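In the two assemblies presented below, chain A is common to both, partnered first by chain B and then by chain C.
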Partner chain A sequence: MSDLWYSLPALAQDIALTFALLLPALLVGALVLRGFAPWPLTRAILWRFRGASVMFVLLIAISVGMGIGLLAQERGLRRGTAQAADKFDLVVSAPGSELSVMLAAVFLQPTDMPLLDGATYDEIASHENVSVAAPLAFGDSYGDAPVIGTTAEFARDLADDRIEGRMWQASDEALAGALVPLGVGESFTPAHGHGDAAEGDAHGDAHLQIVGRMAPTGTPWDRAILLPVEAVWEVHGLANGHAPERAGQIGPPFDPDYFPGTPAVVVRAEALWANYALRSEFTRDRETMAFFPGAVLAGLYAVLGDIRQVMSLMALVTQGLVAASVLLGLFILSRLFRRQIALLRALGAPARFVFAVVWSFGAALLVAGAGLGLLTGVAAASVLSRVVTARTDILVTAPIGWSEIHFLAGFVSLTLLLSLLPAAVVLRQQVVDGLRA
Partner chain B sequence: MRTLLLAFALALPLPALAETHDHDAPHLTEIAGLRALHAWTRASSGREALVFVELENTGGGSVLLTGAESGIASDGALVGFVLKDGQPAWETLASVPLAAGRALHLEPGALAIRLSGLSRALTEGDHFELHLETDHGALALHVEVAAADARQHSHAGHSH
Partner chain C sequence: MGLPLTISELVVPGGKGRVLLSLPKLELPAGALVGVRGPSGAGKSTLLYALAGLLEAEGSIRWGETELLRLGAERRTRFRADNIGMIFQDFLLFEELDAGANAALTALFRPRRERAAMRLRASKRLSALGLGDHAGRHVSSFSGGERQRVAIARAMAAEAPVLLADEPTASLDRASADRLIDDLVHLARDSGTTLIAVSHDRHLTDRMDRVLTITDGALLGDEATAA
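After this line comes the complex of A and B, so read on.
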C-alpha cells in the first residue's frame, strides 16, 4: 500500500489527501441527508436569522483566513529568501559564522569581516573546476544603497544580463540596482560606512557615474549600487588588484601581489558535483570557509519549521476555539427556532428530518465560513507579502498551497462532524415544552 | 602444564589487540588509495536514508565515485543538496570524480549517498554495511546509525 502511495505523483497525493480529509464529512452528510431535502427549510432558517448567521460566517472566515494567510506567508518568505540566494552557489570567506557571511553577501547586511588575501583568491580563481570567482567588496554606501564592488561577469549574472544602459568599462562607472534612486548618467560620491555612522566626505574626491540599471531581481541587491571591485579598492587608497603596468584593467585576472583583499568570493562551477568538491577543498581550519548559502538557509528553515509547527498548532487551536464557539452558537440558535422545530415535530415530521435540518443549518454556516476564509487567507497572504517585500526588499509571493487546502479540509471535516451534537440535542428537547417556548 | 600456561599467557593480549582492531576498522576503510572515514547515517523509520562519510584520495590517480549498494536498501545513489523553492532537495549525480590528493566530505547540506527502499528501520547505535562503487572497485563502508537529529559523526574530527 505504501509502495503505491509513494509511486503516486505529488499532485495525486495532495488531491487524494484532500479527499481523505473531507471523506468523513461527506459520509456523514450523505447519511444525515439521505432520503430528505431539508435545504428549502434550511434556507428559510438562514434568512430568518440572517444577522446571526452572517456574524457566524464572518467569525469563521476571519479565523480560518488568518491561519491560512500566516501559514502561506511563512512558505512565501522561505521561497523568497531561497530565490535571493539562487545566484550564490558557493561562498568562500575567512573562517567565521556562515550565517553572518551569508547575511552580508546575499542579503547585504553590513558586517565586519576578515579578508581573504590575494594568494587565496588566486588559488580559488585558478582552480580547474571554478568557472566564476567573483570577489565582493562591501563597506561603502550612498544614502540607503549599499555600494558593492564586484566583477562585471557576476553583475551580469545577477541581473540575468538584463541591463538598461551598459555595463561599466572604467573604474569610475557603476550600475544601479532597480530600486536605487539614481538614473543613468547621474553621478554620486560613495560614503564610507552605512547608516548614521557613514562618513559622507571620506571619499570626497571620488565621483562615480551610473552607466546602467539592472533589471529587478527581487533581492536586496535591487537597492545596491554595483561597481568594479577595483573602484572600491581605489577609493580606499589601496592597490587596485592589478600590477602598475596593467593599472587600467577592469576585472579578472587579478594579480595576487596587488590584491588588497576581499571578505567573500562568490564561486561557481559548471558541474553540480564540482561545487561540492570545491566546498570540501576550501573548507580549511583557520584558512578559509566555504559554504552553500542554500544549505545555511535550509538550516534556518529547519528552525523555522519548528516555528511553523507552533504556528500551525496555534492556528488549529484558534480554529478549534472558533469551532467550539460556533457549536455553542448553534445551541443558542437552536433555542431561537426551538418553537418552529417543535411545531415541525408536532405536525409529524420525522426526527431524522428535523435532525437533517438542524445539521444542514450548521453545515451551511461552516462551509460558507470556510470558503470565505479561504478568500480571506488569499487576501491576508497578499497584503502580508507586500509588507514583507517592502521592508526586506526580498520579493515574497505567498500563493495558497496544498498544505493550506489540507488544513482547511481538516477543519471543515472536523467541524461538520461536531455539528452533529447540536442537532442531536435539539431532538432530545420535549415537543410540548418547545411549543410553549 | 607449563606449555598450557605459556599458551594461555601468550593468548591473553589477543583480545586487547582484537578490540583495538575492531575499534578502528569500522571507522576507516580503504581501496586503491581511496580512504573512507566515519560513515554514518541518521536513525529513521522511513524508506530513505542519507549516508555521510569523509573520503580522501591518497592514491596516485583520480577515482570516480559512481554509486552505492547495500543489503538493506533496494537502491543507492550519490546525491547533492539543492534548495528548490525554499524546499531542501537532493539531486542525483551520475558520478563524482575525486582527484589524487584531494578530499571530499559527504555531509549534511552537501553531498551524500542516498539509500532508497530500506528493508528495515534504522535505530540509533545500529550498524550496517554499504559498498561505495568506484571505477577501482567497491569500497566497503561500515555505517554507524546516529541520532535522528545528528549533524555529524560522533567521532568527527578524529583522524584515526
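After this line comes the complex of A and C, so read on.
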C-alpha cells in the first residue's frame, strides 16, 4: 500500500490527500442530505439571518485567510532566500560565524570581517578544481546602496549576463544593480562605511561612473553598486592587486604580493562533487572557513521549522476558536429559528430532515467562509510578499500551495463534522414548546 | 376520506403530578367537523397537540386503525406527515418563500417521486382558495387572511384525512375570518376530511357538527350544533 502511495506522482498524492481530508465531510453531507431537498429552507434561513450570516462568513474568511497567508508567506520567504543564495556555491572567509559571513556575502548585511590575505586567495584561485574565485570587498556605500568590489566574471554571472550598457573596463567604472537610483552615465563618489556612520568625504577624490545596469535578480544585490575590486582597494589607498608594471589590469589573476586582502571569496568548482572537496580543504582552524550558504540556510530553516510548526498550530488553534464561536453562534441562531423547526416537526418532517436543514445552514456558512478565506489568503500572501520584498530586496512570491489547500480541506472537514452538534441539539428541543414560543 | 377518532382514558400529564388534560372517552366519526371551545388555559390546545402526537400521554388515541400513543417518535412523525394537516393561529409561514413554496413545503421531505404530485396539489389548493394567481408572490406581502389560506393549502397538500386547526381565525378581522371559515368548512366537507378546530370564534364553532367544551382540563360539554 505504501509502495503504491510512493509510486504516485506528487500531484496525484496532493489531490488524493485533499480528497481524503474532505472525505469525512462529503460522506456526512451525503448521509445527512440523502433523499431530501432542504436547500429552499436553508436559503430562507440564510436570508432571514443574513446580517449574522455575513458576519460569520467574514469571521471565518479572515481567520482562514490569515492562516493560509502566513503559511504561504513563510514558504515564500524560504524559497526567496534560498534563491538569493543560489549563485553562491561555496564561500571562503576567515574563521568566524558562518551565519554572519553568509548574511554579509549573500544578503549584503554590513558586518566587520577579518581579511584573507593574498597567499590564501592565490591558493584558492589556483586550485585545480576551482573555476571561479571571486573576491568580495565590502565596506563602502553610496546612499542606501552598498558598494561591492568583485570581478567582472562574478558580476556577469550574478546578472545572468543580462547587462544594459556594458561591463566595466577600468577601475573608475561601475555597474548599478537594478534598483540603484543611478542611471548609466552618471557619476558617484562612494562613502566609507554604511548608513549613518558612513564617512561621505573619505573617498572625496574618487569619481566612478556607472557604465552598465544589471538585470533584476530578486536579491539584495539589486540595490548594490558593483565595481572592480581593484577600485575598492585603490580608493582606500591600497595596492590594487597587480604588480606596478601591470597596474592597469582589471580582474584576475591577482598578484599575491600586491593583494591587500578580501573578507570573502565566492568559489565555484569545476564539478559539483568538487565543492565538497574544496569545502573540507579550505576549512582550516585559525586560517580559513569554507561553507555552503545553502547549507547554512537549510540549518536556519530547520531551526525555523519548529517555529513554522508552532505557527501552523497557532493558525489551527485560531481557526478552531473561530469554528467554535461559529458553532456557538449556530446554537444561538438555532434558538431563533426554533419555531420554524417546531413547525417542520409538527408538519411531519422527519428528524433527519430538520437535522439536514440546520446542518446545511452551518455548512453553507463554513464552506462560503472557507472559500472566501482562500481568496483572502491569496490576497494576504501577495500583500505580505510585496511588503517583505520591498523591505528586504529578496524577491518573495507566495502562491498558495498544496499544504494550504490541505490545511483548508482539514478545516472544512472538521468544522462540517462539528456542526453536526448544533443540528443534533436542535432536535432535542420540544416541538410544542417551540410552537408556543 | 377522513379518519374516525376514538379516545379512551386519555391523560396528558403536565409535570410535578399535575394533569393538563383528562378525557375518559370520546368518539368522532370520520369526516366529522368538531369545534373545541373553553376558556384560555383550559387545555384546548393541549388536546389538539396530543391528537397530533406531539405530547406524551397515557391512555389511548386511536385514529382509524392506528394507536397513536404506541408509536415511537419518528413513526408518529411519519403518521403526522401522511395523515394530519395543521393550521396555527399565527400561520407560521416561511416569510422568505413565496406562496407556492410555502404551500408545497412538505414536499421538501417527501420522497423525490412524490414531490411533483405534491406541488401540483398544493397549487390546486391555492387556486381553490383564490390565490392561484399569487403563488409566486412572497407571503410577506400577504394580508392575514391570505396567509391563513396559504397555511390551509399547506395543511391539505398531502391530502391528509385529518385537519387540526388551532384558533385559525384569531388573527384575522371579521370579514376575512368569515371568508376563511367558509373556505375551510367547504374544503373539509368536500374532501370528507375530519376537522377539529380549537376556537373562541362562535362564527367558526357554529359551523361545526359538534362542539366540545373543555374547562380545567376536562370535557364539560359535547353538543351537536344546528349546522
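Please note the rule applied: the second predicted complex is superposed on the first by the 437 of 437 C-alpha atoms of A that agree within 3 Å, B and C clash if a C-alpha of one lies under 4 Å from a C-alpha of the other, contacts with A are read in each partner's own complex, and residues count from 1 in each chain.
Everything that follows uses one rule, which is that contacts are C-beta pairs under 8 Å (C-beta built on N, C-alpha and C of every residue); 3 or more make two chains touch, one makes a residue touch a chain.
As the structure is a computational prediction, the values presented were derived from the model and not from experiment.
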Point to revise | Fit or clash - chain C, chain B, common chain A | key: fit
Review point. A:Pro350 contacts which: chain B (first), chain C (second), both, neither?
Key: second
Exercise for review: With the two complexes superposed on chain A, say which partner A:Glu281 touches: chain B (first), chain C (second), both, or neither.
Suggested key: first
Exercise for review: Pick one for A:Gly299: touches chain B only (first), chain C only (second), both, or neither.
Suggested key: first
Review point. Counting only touches as set out at the top, which of chain B and chain C does A:Tyr6 meet: first, second, both, neither?
Key: first
Practice item. Considering only touches as defined above, state whether A:Arg78 meets chain B (first), chain C (second), both or neither. Key: first
Review point. So, A:Trp273: does it touch chain B (first), chain C (second), both, or neither?
Key: first
**Study point:** chain B versus chain C - smallest C-alpha distance in the overlay, whole Å
**Key:** 52
Practice item. Show which residues of chain A both chain B and chain C reach, each in its own complex. Key: none
Review point. Which residues of chain A touch chain B in their complex?
Key: 2, 6, 75, 78-83, 85, 272-273, 275-277, 279-281, 283, 292, 294-299, 301
Study note, to complete from the structure: In their shared complex, chain A is touched by residues of chain B numbered 47, 78, 80-88, 91, 93, 95-98, 102-105, 108-111
Point to revise | Interface residues, chain C side, partner chain A - complex | key: 45, 49, 52, 54-55, 73-74, 77-82, 84, 86, 88, 92, 94-97, 101, 105-109, 111-112, 115, 154, 158
Revision key, fill the gap. In the complex, the residues of chain A that touch chain C are 35-38, 40-41, 43-45, 47-48, 339-340, 343-351, 353, 431-432, 435-436
